[in-house]
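Chains: A, B, C, D and E, in written order; residue numbering restarts at 1 for each.
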Amino acid sequence: MNQLVHSGTVPTLTPTLLYLDDITVSFDGFRALNSLSLSIDEAEMRAIIGPNGAGKTTMMDVITGKTRPNQGTALFAGTHDLTALDEAAIAQLGIGRKFQTPTVFEMHSVEDNILLSLKADRKSFPTLFSRRTPLEKERIDALLERIRLKDHRKRKASELSHGQKQWLEIGMLLAQEPRVLLVDEPAAGMTDQETADTADLLREIAKTRSVIVVEHDMVFVKDLGVKVTCLHEGSVLAEGSLDQVSADERVIEVYLGR
Amino acid sequence: MTFAYYRRLALALCLGFLIFAPLSAAHADPVDDALALFATDSFNDTASAIDAIGKSGASNSAAIVTALAGGKLFFDPATKTVYYRDAAGKLIDAKTAAEVAAEPAGLKTVRLNNRLRTLVAAAAGSLDILSDDPAKRRSAANAVFKSRDATALAAVDTALAKETNNGVKEALEQARAAIIVTFAGASEADKIKAINTIAGRGDGDAAALLRSLPADIPEAVKTAAADALSDIEIKQAAWAAGQNIVYGISLGSVLLLAAVGLAITFGQMGVINMAHGEMVMIGAYVTFVVQDVIRTSAPGLFDYSLLIAIPMAFLVSGAVGIAIERSVIRFLYGRPLETLLATWGISLILIQAIRSIFGPTNREVGAPSWLSGSLDLGGLSLTYNRIAIVIFALLVFFALLLVLKKTALGLQVRAVTQNRRMAAAMGIRTDWIDAMTFGLGSGVAGMAGVALSQIDNVSPNLGQGYIIDSFMVVVFGGVGNLWGTLVGAMTLGIANKFLEPYAGAVLGKILLLVAIILFIQKRPRGLFALKGRAVEA
Amino acid sequence: EETIKVGVLHSLSGTMAISETTLKDTVLFMIDEQNKKGGVLGKKLEAVVVDPASNWPLFAEKAKELIAQNKVSVVFGCWTSVSRKSVLPVFKELNSILFYPVQYEGEESERNVFYTGAAPNQQAIPAVDYLMSKDGGEVKRWVLAGTDYVYPRTTNKILEAYLKSKGVAAEDIMINYTPFGHSDWQTIVSDIKKFGSAGKKTAVVSTINGDANVPFYKELGSQGVKATDIPVVAFSVGEEELAGIDTKPLLGHLAAWNYFQSVEDPANAEFIKKWQAFTKNPKRVTNDPMEATVIGFNAWVKAVEKAGTVDVDKVIDTLPGIEVPNLTGGISKVLPNHHITKPVLIGEIKDDGQFDIVWKTDGLVPGDAWTDFLEGSKDLDSDWVTLKCGNYNTKTKKCGGQAS
Amino acid sequence: MLNVENLSLHYGAAQALRGVSLTAKPGEVTCVLGRNGVGKTSLMRAIVGHRAISGGKIGFGETDLTPLRTFQRAKLGVAYVPQGREIFPLLTVRENLETGYAPLPRGQKNIPDEIFELFPVLKSMLHRRGGDLSGGQQQQLAIGRALVTRPKLLVLDEPTEGIQPSIIKDIGRAITYLRNRGDMAIVLVEQYFDFAKELADRFIVMERGEVVEAGDKKALEGDDVRNRLVF
Amino acid sequence: MILRHIDRAGWVFLGMVITAGLLIPALNLFVPADNFFHVPDYLVPLLGKYLCFALLAISIDLIWGYAGILSLGHGAFFALGGYAMGMYLMRQIGTRGVYADPILPDFMVFLNYKELPWFWYGFDMFWFAMIMVILVPAILAFVFGWFAFRSRVTGVYLSIITQAMVFALMLAFFRNDMGLGGNNGFTDFKDIVGFNIQAAETRAVLFFLSAMALAGGYILCRWIVTSKFGKVLVAIRDAESRTRFIGYRVENYKLVVFVLSAVIAGIAGALYTPQVGIINPSEFAPANSIEMVIWVAVGGRGTLVGAALGALVVNAGKTWFTGALPDLWLFALGGLFVFVTLFLPKGILGTLSTGWEKAQRRFRSDGSVPNGVPSAAE
């Protein structure tokens, strides 16, 4: 497993790695996030649940620079103001993301998808002159093995099935070796067995990195065994262990159902 | 000297026609002499002849001048006899004023040049000052205003006394003022009053008159004229801005017409339709063919030719569009860039086809009478054909908007372009929608061709001239947004017309292009960009 | 059977096709006529037609192809100045003959080119003279409107200098340039109207080219600019262009050419008849560049017959001095500067799309390669017979451009 | 009603389905189970006509669907909720639903109320663009859109993906309701085993493009099938 | 090794280009004119022109085929390179112009220029002109790209503003006031670095240089597109925003290729001018730029070799058609474009190579599919 996730990065001393405060995002008057506050510590895994449209994906959009909040603070490692940086800068800080609907480079082979994601200098000229090192090759192999796409490594990503793309995207995320992983619905479209496997993987990663997982699959969330935050209408509805949260009347009312 | 000629002529005509006082002349037969001058085929002689015939006292001299103006005065080079054709079309011997039984062969028209045309028009024009038709009276008054001929004063006064129509009356007063201002005998006070009247007119002609006042006028008149002139100039500057907007809207409408079809085939369907211009061209040729058929088989319908051509152009271009869609484009959905290649090829083929069929030269498309002339609104001048184009462009635009917004077609087109496979799974006949939409876009382009035939060449290259502008408009407005096309066309049109007077046509266009480039930096998805996740996905 | 090949280098597609296609047909017609007469030197003529597609570099390429690959003896071709400039080096390098049939800006005289269209002194200057005369309306104020390229630029420069030398004040001259294919003339026409309302007789001298003319005239018509108010004299509008316009509103506007279809002359009548028969179109019009092509063609035939060979050098040497009848009743002569003598005619547009000839020079005007009204070219002279030089500087007594 | 026999399908040279057979009857839910990449979606694509098949037969009632184009199948009453939602992103929610009018006769062009009862969120977002919705909302829209066409055969490819638990339950109830109405055959692709087990009247399990197990409700009780889904 | 990434088609192509670069001048210069193998004089610059176009097509394919930047204004860079070379050639004419002015080119004399405009300084020196050939397109591309890519202008919007750019340049160069010869542009060149430009030897050398430039341009582009950088470009082409989320600064990548592509186009233009003998604003015509894109599409977008092939096929076709079918050639050319899109959807090269693969497969296999669906691995 260590091969998958290098422990090369030195953890900063600040316990809070990601800090969101009073974030509001509105689209034509509709508040997708409503003064949301949240903080994630170094090497913490957090599960986020909440009804469809609660703002989970929007929150990730804010963190990764895709959406600019109308108000609020978003800090990374205490110093970087995420609302002022662009997507590439944020990614280079070490924030990686898996999208809700799998988005991979369709025209590239599975292998190249991973290669492009591998942690490396992202500047254009170094990239121009970079050549694949044996170390990189090893990492690619390990990752492909882990996401069970080794046999598909030469195939174009567009030819993968939906679930395979999900896995590929997880692989790409791992390849980046980010300090924070934002994982939006990793278990969607996976079998129960695969879902459990994903949970294993995430738990493993979370030993050294921070992870934010969004999922609707309660079994999976239970498997993760971490603190759960339930969003509703753009702000936090409940927070705590899964048992606590799922016992909350309001959570049952708006989310779990009876 | 033009002026002197005119003066003598007008005097003669006034005396001859208005007062009906027969003049006895010293010469044995002045009519003969005058007529002989018509038959020499020399412009100078003709000028003298016009003068002489007026003086000769011939009873039909008015008829002769009218015939001359209409190109209906003839002479027989062999016998030097002069004839004219009267209103009823009968050939009359100018001397005897009797109808000629057998038309002599080899008659030649007495030719006019611009100088003579001015003389004749003025002569014939002052006859109109007492005409029954107010429009004729007004134009006669305007002619006098321009000529400022002192001898017309009496006639103007007579006319003024009788005039009941306010507009004509004003024109007559201005004409009178114009005469007074230039008339040596008028008093200083009268002249200053006259200058005020002229200033009230406030147009270019008034300014021209004031500018060209003789140098030897009294100081007071001079200052009054200078004041009036600067007044007029200020007013004209204001009008000029208004006129620019009018020109801009008119250019914008042309752009809109040219682009609106593309807003469908490209904006809605996503086909990079390089053959769009050729659809416009086909529309223009349909107009030509319609007019050609009308000219040969039903000349009476000529005034309706455009009204007939519009639906015809829609159908023909639409049909060509459908044919193109069915035979080529439909294999290319989902490969938008290849539509560029294919439609470029199609455009070459269509250009050459038209060139092979109709020849490489321009074809004549005439304007129906109701489209010629212009409407003057204060200091603005709007030509009818431009007004018609503005109205037509807006009609087409809103009709299209209605079709796309209110019928199932509009929704289905968008569904098909956004996700072809899923649209089919929803039961939408994608191929039928494609064909109809492409046909609609092409048909609309064809209708644009009818309008453009009125202001541009009808040649195989017609479409090429508009294709770049059309893309510019659609993209500037925001692809897929019909309103964007409207606003884009109007913005570009007006901007162009405001830049042109300052920078010149070439530099103005360059500046506009640079402005577009800069604008797109600010709004990378056009004027009416859609926002939100939906687009980024 | 051995033939003599004649190259035809006129655009059959693209923007210039509209004008040039007719000239291609004219050459084919002339060849046909000549072959009926038995050809030249006992051999039939054979046309080699190519399409340079209004693409200037392609002109050079096609010229090479005609001369080097098809081995033509002479080429009739080009319309725009730039196409001529593009092929010049080719004709010099491969030593062949080009007959250029279109009015142009002058400032050129090449050994391998014969200019049968009008030089500025055979069109522009007489036209202005006419407008300044009593018959022309004694024009005092001038609008020089042109398309922004070298022919209008040069012509207007010459005219400006000429007008100033005639005492016209600078503020009485308005110069306006528009891009190629300009189609929105609203502003310019209204500016012209405004300029013309200063109380002095105003005229427009138009060097507007090609496609832009139709919208220009349509706008003149719809804004009611009548020839009696502000006459427009054009140098690039002929019968062919007018065939595409409803000319009723244009009555009386002018054009200056060396030939009009309406010229009353038996040779012309005969020519028109045969031409219409050849094209199987009884309405097909003729125009000035066609006449220039005809003169050039006949001059070449005559020179070949005189020289007894199609050898390029011999024919070039024989051509100056050759006299051929033109279609306006005179005899045009090829001059040592490779231009020809021509009459200058002014016509007014009639409502049937033809011109009414209202003025005509007394005799034929010899074409002048270098204008007398511009600084740089005043001192230049061209003579390929005695001086063997196209740009002989009469001051320095040197022939320019001969170093290589 | 639906009768798929011995179906095979290729992507280029690669074979994705090998002799797959499946039946679905009105008033029943047929579940298709299998791990990632075994060909479930490919099978659905074949049924709705998004992919040409290279062998076999698809019967629908009396009609043979194989020669028919996608929209013709939709006209016959085949509705599809694709994996990945495939919402028309720039159409509003209402317009997305209205695309379902195309195969309907004139009188029936309306949106049944039951859709809004099932997915109330759609009602409040009628004017929002489809692409702006959250993932789960889009999934709901996709199901709603399919129901607008009043299908006889409803093909659902992983419809619960990304949907919050309470609504999954609602969807389950809805499917039960539609099944019980008896006029609709339902084919359901599902990886969420418990959900499938609850709804399925019959099922197939696929592996490498082949059907490896088929049966009815009872066969799902044991661990056999569940084990099939473990890698 | 830079050559390692060249595939079979690439080697065939390089072989052909280099052979042609050597053989054609040799056949022109050393084989007597009546010999069957003689290449006539007029053909050498004509073929040289095709090579320049091929190089231009490669530069377009680099940005369009790999980075998804559809430039409808690439003619601008080509023409600017051509103009820079043209200015040098004009200054070489010296007193051999018709007005025999030692400094001012002819067109300036008759437009009454008193002295050389500032931007003409230095162009009498070859090295300076060569620097400009590279610098001028590069600077334009840099400034344009810097703004456009930073503002995230993409897709048709980018295409249209490139078109606006080339259109504006065309109008500007048409203006006689620009001091660049207006509509006529530059022509009637005399010599280049001291050699007569019309001499067969000079042309042979120019042809050889064009072939080398094409080969070099191909190798460079091929090296770029097979590098990781090239993979990033493709990623940008297919999913621009996704690439950003992985941390690549998309605008910089685009800017680098765009400038590079402009420089290659400029070099192509510089080689074009002396061989064709004229450079004028029609090179900026938007339709020309569209046509260039079409060469690439005909040959096969995203294949480099195909782009070059497309340029050769279309232009050779044009030469041939305009001579053989002067009245109808647009039908032939238009028909060719339609045919290619309908029947060779991947362009000529794309289709050839798919055909080759198929044939190979048939040869190798007996039903067993090499790329069969691997099942989810156990």
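Operating definition for what follows: contacts are C-beta pairs under 8 Å (C-beta built on N, C-alpha and C of every residue); 3 or more make two chains touch, one makes a residue touch a chain.
Quick caveat: nothing in here was measured; it's all calculated off a predicted structure.
What's the chain with its C-alpha centre farthest out from subunit B?
Result for max centroid distance from subunit B is chain A.
Counting C-beta pairs in contact, which chain pair has more, B-D or C-E?
C-E
Can you figure out the chain closest to the middle, judged by Cα centres?
E
Could you tell me the distance, in whole angstrom, between the mean C-alpha positions of subunit C and subunit D?
Measuring from centre to centre gives 75 Å for this pair.
Once you find the CA centre of subunit D and the CA centre of subunit E, what distance in Å lies between them?
51
If you average the Cα atoms of subunit A and of subunit D to get two centres, how far apart are those centres in Å?
29
Would you pick out the residues of subunit D that each touch at least 2 other chains?
Correct list: 11, 14, 35-38, 132, 231.
Could you pull out the residues of subunit E that touch at least 2 other chains?
171, 174-175, 241, 327, 330, 371, 376-377
Mind pulling the subunit C residues that touch 2 or more other chains?
Where subunit C meets two or more other chains at a single residue, that happens at 12-13, 148, 177, 179.
What part of subunit A is in contact with subunit E in the complex they form?
Interface residues on subunit A, with respect to subunit E: 64, 66, 86-88, 91-92, 96-97, 99, 103-108, 112, 115-117, 122-125, 127-132, 148, 150-152, 155, 164, 172, 176.
Would you pull the subunit B residues touching subunit D in the complex into a rising list?
Within the complex, subunit B touches subunit D at residues 408, 411-412, 414-415, 418-419, 421-430, 480, 530, 532-535, 537.
Per the contact definition, I'd like the list of subunit B residues that touch subunit E in the complex.
Within the complex, subunit B contacts subunit E at residues 272, 274, 328, 331-332, 335, 337-342, 344-349, 351-353, 356, 464, 468, 471-472, 475-476, 479, 506-507, 509-510, 513-514, 516-517, 520-522, 524-526, 536.
Can you name the residues of subunit E that touch subunit A in the complex?
224, 227-229, 231-232, 234-235, 237-239, 241-250, 252-253, 256, 371, 374, 376-377
Could you please specify the touching residues of subunit D with respect to subunit A in the complex?
11, 14, 35-38, 41, 83-85, 121, 128, 132-137, 139-140, 158, 161-170, 191-193, 226, 229-231
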